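Shared chain: chain A. Partners: chain B in the first complex, chain C in the second.
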Partner chain A sequence: MKRLALIVLLVLSFIAFPLFAGGSSESTDAEDDLVTVAVVIPSPLGDRSFCDSANEGVIRANAELPVKVDLIETQGVHEHETAMRGAINRGYDLIMGVGLDTQMMIDLANEYPDQAFASPSELSETNLPPNLKSLLINVNKSSFLAGLIAGVMTETGKVGCVAGGDAPGINQFYYGFKQGVLEANPDAEVYVNYLGFDFSNPTLGMESAVALYNEGCDIIYAVCGLSGEGVLQAAAETGNFAIGVDTVQDEFYPGSIITSVIKRVDNSTYQIIEDYVNGDFEGGFETLDLEDGATGISWDVGYTTFEDNGPDFMVAKVPDAKALVEEYKEKILAGEYEVYDALTMPLWDSLR
Partner chain B sequence: MNIFDIITINVLQSAIRLATPIILAALGAALCNKAGVLNLGIDGFITMSAFVAIVSTYLIRNFTAIGMMHPVLATFLGVLITALFGGLLGLIYAFLKDRFNVDLVVLSIATNMLALEITVYIMRAVFHQSGTWSDSSIVQLPSIELPLISSIPVLGDLLSGYNIIVYLSWIFAVLLIVLMKKTKWGRYITAVGENRDAAVSVGISVTKVRYFALILSGVLSGLAGAFLSVGHLTLFTRDMSAGRGWLGNAAALFGFNNPGGAFAAGLFFGFADALALRLQNVTKIPSYIIQVMPYVLTIVILSIVSYKALRDRRKRKAA
Partner chain C sequence: MKKIKAINLAMPVSAIILGVIASMLLIALTGVSPLSVLETLLKDGFGLSGKVAPLFMTLGTSTPLMLTGLAAMLGFKVGVFSIAQEGQYVMGAIIAAWLGASLNLPSPIAVPMIMILSMAVAALYGLIPALLKVKLGVNEIISSIMMNNIAAYVLEYLVAFPMRADAGQKAQSAVINRDYWLYQFVYGSRWGISFVIAVVLLIVAYFVIFKTGKGYKVRMVGQNINFASYGGIRSDKVIITTLTTGAAIAGLAGCMEVLGNYHRIMTGFSSGLGFDGLSVAMLGMSHPAGVFIVSILLAGIRQGAQLGLQISLSVPRELGAVLIALVILFVAVSDVYRPALERLLSRKERKNRRKEG
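Now for the complex of A and B:
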């Protein structure tokens, strides 16, 4: 019996070895002349959000720039600092952390003043050491455009938002959206459901969406990570509509998802690497916005999934929505119209 | 505003749907606790089962003749396979406990860690997706309107129109209540849990009891997993159980490990979630207050229940 158990264990370990050993790829000495970059992401790939998006930037940089970029996946907050320190010890020229803890990034930058650090997304702190660069993508204006679309297209005059949690980073999406809805349709009601920071619970996302649809909403903006998958499915199942977030989600349920608010972390990741390669790397805080092409709605990048698959009565309203979006986009870019930003402003009375 | 404006039929239906996986987990956990084999691996069982359910449904739907002709049947078969898969996990637990006297707590920690990673690994290796996987060919478990009951006003809406796993959770709850309260086998289970040596001395088979409890808790977790991935939604996401197995363990303790109590506690957790969603829509209470409410309510109810239990015990002592 014991021998059998031993054999089973041995066989299992042989099977398991390639499974677990395949994870990391060693960089070789032959590539010494290339600039090396490490990109640490806060969770495994597959979030259909900023991790995947950062990975696209990494792939593009590897293909187009004379660099060797390694992507380092982590399993959660307990591994973040270890992964960052591991990358520092391996001597990368530039180390990027995507959506990691702000204070940790600053502390590491202070501890290693000769090492270049950067964050392509989610690091919102203006006072940074000179060797740390942060590009923050503001999503309030693009959410505002999505709000305009929802305001024009709603049949019931009620629009909802399922938000991951009540925090400034998430509220930047929500209040931008709300302002857009009210701008296009002052009589509309905007509901919000917060999920208590449950970003990977599609079951709860779905029930939350169903509750809002029962309340009479017909369009819901899903800002809650993987929980949003449930919101999108609820839209398709109940014959209502949703607006996706972060990446282009229009094609998940064609005809049910009106548009998506996209956040181009791939571009910001690529841009930082490109700057570094060109010798233009400079520490400090910078924001990217509509005008930089870092964020926008899926319609702007050529997606017509909803127009091709949506029900006629909704598709008929798309041209109006598009015209309004263009009108406000010009106003915003010209500085004639201000969109509320939950990250930097106290809440406006008009949005309460 | 009247309370019936807040707690509508829709809220109660949502509560039942949210509660179902917790109830299934809780029933399994309660049974294991009664039998003296603490099963903390239920959360991992659920995650793995959710994955097995959607993958087996997908395979049957696309690669067998039956599945191609009857898509809904493929989903039912997927659920059945998942229940068996859950049972198999329970069987492995029971075997390891029985043959090697493995510490189930340690095993459960390993199971939960493994469940999270292996599902993602296979998803990535086979389906080239790593966070979410779904396939449009998969058909969701249909909602079933119960004959007779669905025609009753109000109550019909409340008790009818769910998928089969919801009804199964009720059936299992009733069966387990009957089992524990009315049958000899139920008393054997309690005996093994409360005093193993005494049970052995009167000739009760500890092994059988443990196998029974762990396998059944596995089957129930399997159903809970299938509910998440093909019953309520038709997709799998990383860490799909989202702590529902742990909530089930808590609900079992909450209900003093009685199936009836565990069922009620599971239902309560589901209701608290649904109510938290509803209150955000119809009241002006800030969301952070609403979101602590389920926890506060849990503490309050737990205090009341334990106080009552304490008083009963004292009364019994005095008498």
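Now for the complex of A and C:
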């Protein structure tokens, strides 16, 4: 009996210790009058891609704006709605769902007309309720630029794309890229490997990439979230090349990753929060593009990782690729050249 | 008799308490007060405040757990460690999503029809490993893992190609007919008619297993198959019937998740709810009442731990998952402290008796 009492005492002291030592949970009182925002992301952090990018925006907003932003990680579709409803219950001023189901977002917005909702990415629907805001980043043009680079630099004339799944949102990357490759190198062949919507499986990404490299491809565009890490790794291990996505991934395997197509989900996340804080929040659908700085390639923001570390025969082609990118970027921005957009257009014959 | 009941109640309760304490210690290491952890767990898992009370949401998410837990429990009762519920759950969901989107009948006919057909298909799917086990002696664990994988990939294929809704960003089937959506007591909580069905099934299961001849046979086969066969019970038949019944129940869980909750199937639908049924059955000491209580507790702790903790206290969701894992671990190692617990209980009983005497 004595021993039991001792154990109980030990446990109690453990519990009580942080009460006296920390007291960190009491610091929230001063923050009560801040604007509160919840950001629900579709998978756990740590993908060094989509979710982490959204988190960057959250961290920046917390640091620079008078807000308290909470990030809510989920795992798997069955948690998405529970997390959203959990956030609604807590009475946040603004609730953001990153890359969640479009219909669910619209239904929730209709169900709670007084609650502000927003999506910083992926929600492609023009007819939205007034309390739901969607900022969509179009990535077809930046992918096109990456395609130009791949078209110029490929040695084998074969280029691949490992894509997360056969859906318009992902195909926007893929078809823009394919158009770019063919524009720079009309004889090139472009292969695609869809992963069946498995965005968190680097092993699968690696297998798919190795299969494409064995097919003769020497450059692969990875458009598949965390699975893309496997693609990048495969490039480094087989002595081939890859193009990263979402965040600047050039430095993961220096010299193997030619460039990255950046999708600034961090900026769009931040922008929505900023608008809300400034009282400029307005529902509706809006797109961001190259000219807004929401997307682009890593070369444009000063990354020279590949030039510094890549093999000489590839680096020698970089100036040509850069010139071509600049040329087309001007044309695109001037409206003289059109890039296919899988989200809004029927598929072009030239890209089939 | 009384002692057995007390220990059955004490085991899961002590496992849960020990699990919670152990993970509170873990969380305390990150500098968050364990008391506020406990408070958040209770408030976000079982509280009644907010636009939709967390308790109602917990009851909603506990519904499929009750059914898959019941399915797993039936396997345990007949002495088969069947983990095929996940695949059966998925098969039931596929049928429900397909029929729900394509049938054109008034809902009083269509809804029961969808449920029955989902159960039938899931039962057939469960019949395969059951037959393999009984007729060919194939290890049920291996065959059911494979069956689960097959079902998961069939679903991934269906939502990516034949059942794919056109406009979607993701691979998902079309939303089912709105008339077939199951009624929810509190809109948005997912707590609805499926909960009632699950509870009724648990009660029926209790009476069948413990109060009928059939149930006696099931328990006898489960406890000692040789003795049962010697006593004239056709144990093969009992195993097959029990396992297919469990399969039908797991299929019903998938069906009602589609009809009452998701209204469609999508990529990633197979997310381990079937496996959670195993934990529920184990924690619930293979008893319908235990399954009922544990389903609600587990759903609530999960909601409080994985969402509440990270929202209110910024505790990473992984620690919430660790909490649940620890609870299950404490059940798994219960043999270590079971004797101590039994001694404690019997000592108390003796004391009581002495007092009475």
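Just so it is clear, the second predicted complex is superposed on the first by the 324 of 352 C-alpha atoms of A that agree within 3 Å, B and C clash if a C-alpha of one lies under 4 Å from a C-alpha of the other, contacts with A are read in each partner's own complex, and residues count from 1 in each chain.
The working rule: contacts are C-beta pairs under 8 Å (C-beta built on N, C-alpha and C of every residue); 3 or more make two chains touch, one makes a residue touch a chain.
The model shown is predicted, which means the values in this text are computed figures rather than measured ones.
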{"item": "Comparison of chain B and chain C by chain A residues contacted", "value": "C"}
{"item": "Partner chain in contact with A:L212 - chain B first, chain C second, else both or neither", "value": "first"}
{"item": "Contacts of A:D101 with chain B and chain C, given as first, second, both or neither", "value": "second"}
{"item": "Chain B versus chain C as contact partner of A:Q233, first or second or both or neither", "value": "first"}
{"item": "Partner chain(s) touched by A:P44 [first = chain B, second = chain C, both, neither]", "value": "both"}
{"item": "Contacts of A:I88 with chain B and chain C, given as first, second, both or neither", "value": "second"}
{"item": "First (chain B), second (chain C), both or neither touched by A:G196", "value": "both"}
{"item": "First (chain B), second (chain C), both or neither touched by A:K317", "value": "neither"}
{"item": "Partner chain(s) touched by A:R60 [first = chain B, second = chain C, both, neither]", "value": "neither"}
{"item": "Where chain A meets both chain C and chain B, residue numbers", "value": "19, 44, 75, 166, 196"}
{"item": "Chain A - residues contacting chain B, complex", "value": "19, 44-48, 52, 75, 166, 191-194, 196, 198, 200-204, 206-208, 210-212, 214-215, 226, 229-230, 233"}
{"item": "Partner chain A, residues of chain B touching it in the complex", "value": "8, 10-11, 14, 17-18, 21, 117, 120-121, 123-124, 129-132, 228, 232-235, 237-240, 242, 273-274, 276-278, 280-281, 286-288, 291"}
{"item": "Chain C partner contacts - residues on chain A that touch it in the complex", "value": "11, 14-15, 17-19, 22-25, 38, 44, 70-79, 82-83, 85-91, 101-103, 111-112, 122-124, 165-169, 196-197"}
{"item": "Chain C - residues contacting chain A, complex", "value": "21, 24-25, 28, 31-36, 44, 49-52, 54, 57, 61, 156, 160, 168-172, 175, 187-188, 262, 266-269, 271-273, 303, 306-308, 310-314, 316-318"}
